[in-house]
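Chain lettering (A, B and C) follows the sequence in which the chains are written, and residue indices restart at 1 in each chain.
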Amino acid sequence: MKKMSVFSKIYLAVFFSFMYIPIAVMIVFSFNESKSRSVFTGFTLDWYKSLFRNEMILSALGISLVLAFGSAIVATVIGTLASIGINSMRKTTRGIIMNISYMPVINPEIITGVSLMLLFVVAKTAMGGKIFGMSTLLIAHITFNLPYVIFNVTPKLKQMDVKMYEAALDLGCNPRQAFFKVVLPEIMPAVVSSFLICLTYSIDDFIISYFASGTVQTLPIAIYSMTRKKVSPEINALSTIMFVVILSVILLINAKDSQSQKKKKTRA
Amino acid sequence: MDDTVIVALKDIVVDFDDESILSGLSLDIHDKEFVTLLGPSGCGKTTTLRVIGGFQSPKSGSVFFDGKDITALPPYKRHVNTVFQKYALFPHLNVYENVAFSLRLKKVPEAQIKSSVLEMLELVGLKGFERRNTTTLSGGQQQRVAIARALVGHPRVLLLDEPLGALDLKLRKEMQAELKRIQQSLNITFIYVTHDQEEALTMSDTVVVMKGGYIQQIGTPVDIYNEPQNAFVADFIGESNILSGVMDKDFMVEFGGQTFTCVDKGFTRQQLVDVVVRPEDIKIVPTIQGQLSGVVKSVLFKGVHYEMIVEQAGYEWKIHSTQAQQPGEIVGMNIGPDEIHIMHKMED
Amino acid sequence: MKSKPCAYPYLVWMVIFIAAPLLMVLYFAFTDKAGNFTLANLSGLGQYSAVFVRSILLAAIATVICLVLAYPLSYMLSRLHASKQRIMLMLIMLPMWMNFLLRTYAWMTLLEKNGLINRFFGLFGLGPFQMINTQGAVVLGMVYNYLPYMILPLYTIMVKIDNSVIEAAQDLGAGLIGTVTKVLIPLSMPGITTGITMVFVPSISTFIISRMLGGGSNLLIGDLIELQFLGNSYNYNLGSAMSLVLMVIVLLCMSLTNQLDSEEKEGML
């Protein structure tokens, strides 16, 4: 089936309009002069201006970025170390650990959210004082990011020839040198991609943050509070900006990918 | 070759999950020798190599290097280097950096590293490949990089774990000669693990035949081939006809319903023994002149010779001969006294 | 490699922040506010049975719609030229990268009483229809948000199905329906089951989609739980009991689909 049938073409067209019309509408109405969400009255950039003056959004963005980088760094370090440890464990122990690690992945996010909230509430009553805030958010984000690091890095470690580590020892590395000179470079792609996954999950997360945040507003929480207001065209502007950012990042990655693929092809 | 013992294993015991891999293995390896550990998979040959390399600590027993006990020494403090089965090249480093790896660790001056690396690459025939990515090399070339990388630190002993297993037949032959050449030009000890008997016989000064964690026989390739100490060695090294026989008295053995003169003595009368006869040691003669006679079951052309299966008294003899017989023909077979190898029955 | 200690920080983390919180849910579900053992939380859930049934029903409908929509799409994708597949996949993933609150908000504005869709119908003298704040809108939101979760596993498994297998089936006399039911579906079963769980689990536990598109009248389990923890009801014990039941439903769903998967495998042997 090299050539698509007419049916396939129509099907794909309908599917993609379903996926993209809502986004297109938002983008169009982000430039709408009036607050109306259905009648386009004229072009304006006012909503973008007011978005960039919106203290709540800006501070939420800052918090989200700090949170994303903080939790991604900690999760990547702990998770990579954990993968190395887990990799050298017996099969049964490894199985148990992997199964528990799976819990936050398979559990509905709301469960992870409320269970962490319960823990924080209990800790609060035990220790007193203000607990909810940046620290609880960090803990929550590290917690839901960790499994992704482990599930990314462990397969790469398994794939790695054990002999590679032994070869390093054989050639005079002590275990620490063997890790930094051979094992780490070898698993680096998985570590980097784990870090990026953590970043995106962290920036995107709403549900778990919602239960762990107290009064601190991350970007998704700020967005949520904006959607609760009757009409806020600033959201459209924000969506448009996000869409453009994501689109350009993806295009950039793709361009780089195909470039390196071409390079490989010509080399071979 | 000289008589100094460079590596000595004393009563090495290794268990994996309660399964015994090596059960009290002792072995002396002489300096500047090409020693091959030969045996079927699971015989403990690779484990023995790993014990010498320091990757496997024995449950008990000791490893000596140049007279010193190195049992507790980690791999990176031993003066041996390893060529791994699938080469274990570092994919993030190019050919030059792979070979330079151990020198960089030792903080050798850059100029010296360069000359050492280039010298090694020349030795293994990879001059001009310095900047190449290891993943773009062929199997044979990767193999050569692995050898250069292991040799650049001038180890006194090189361990090779089935290094040619992944190569095709033609390349394997080439590399066998190459390895032998390298060993002789560097004049160091090679300890080589393989399950390929032909490889072992071609390259080695000494062959160590192993089975089930025990050494079956140690000797020169010629000794091992001509004077196998038991039926396992006989069967594993080359092809053999192995029959049950009875020693009538010294120099007289009975098998296949006939009595033969042989060169063995020292068995008790009527002792049950294994009789081993190599397929190329059986002469096909006209039926009347034959000590034994049988029916030709099949004939296969093998290039240099024909391989025939001849059935005689219920036993199927394998015979190599340059003359083909017709299937169904009745032929006579003669076996000279020197060609009959008598062995104690194996306890299985 | 003596590297087991590397895992210790994570193990500690796992025990405190993954295992302990879940045990706490269990503890709170079986105790009252004073900390005494009780089954009242669980038995009290009876009065919310309508919400539970609605949640399961809506999530199931959304899952089925996703499967029906995604299956042919994934197949078409898998038969495309490799470079085209990349672009299509990217296009499918792209909306997923946007925060789901924004995606859901987009539908809110479209479905409104004087939203764009009603205005469009108005051109033909139809409507206005009540679309927002209905169960249909909730299902739509679920389908829109989670459809890629169905497409991706299906597509991943379908690219592995060789064209010659399909041709062989046709060669042996299978028609379109025969090829699909006897060859394609059995071979893509692992993808189907993964897709089902990946859509069903977030659908049944959502509280945002129901709140934004369902108005106040179409509460789901997620909304109930949220109300107990952060809303006006404020009852951790009851909320924990609800969470527990939700977990059980999710586990049941997963073991059901797993069974589907293994039965299919046995059938293939």
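Heads up, the rule we're going with is that a residue touches a chain if its C-beta (ideal position, glycine included) is under 8 Å from a C-beta of that chain, and two chains touch if they have at least 3 such contacts.
Quantities reported herein were computed from a predicted structural model and do not represent experimental measurements.
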Partner chains shared by subunit A and subunit B (touch criterion as defined above)
none
Min distance from chain CA centroid to global CA centroid: chain A
Subunit A to subunit B, mean C-alpha position gap in Å, rounds to 55
Distance between chain centroids, defined by C-alpha means - subunit B, subunit C (Å)
60
Need the CA-centroid distance for the pair subunit A / subunit C, whole Å please.
19
Subunit C contacts subunit A in the complex at 1-11, 13-14, 16-22, 24-25, 28, 69, 72-73, 76, 79-81, 86, 88, 90-95, 97-110, 112, 114-116, 118-119, 144, 147, 163, 197, 201-202, 204-205, 207-208, 212, 222, 225-226, 229-230, 236, 239-240, 243, 246-247, 250, 254
Where on subunit A is subunit C touching in the complex?
1-2, 4, 8, 11-12, 15-16, 18-23, 25-26, 29, 37-39, 78-79, 81-82, 84-89, 97, 100-101, 103-104, 106-112, 114-119, 121-122, 139, 142-143, 146, 150, 165, 175, 200, 204, 206-207, 210-211, 219-220, 223-224, 227, 235, 238-239, 242-243, 246-247, 250, 254
Which of the residues in subunit B end up touching subunit A in this complex?
53-55, 74-76, 80-82, 84-86, 88-92, 101-102, 105-106, 136, 149-150, 153
Contact footprint of subunit B on subunit A as seen in their complex
161, 163-164, 166-174, 177, 181-182, 185-186, 188, 267-268
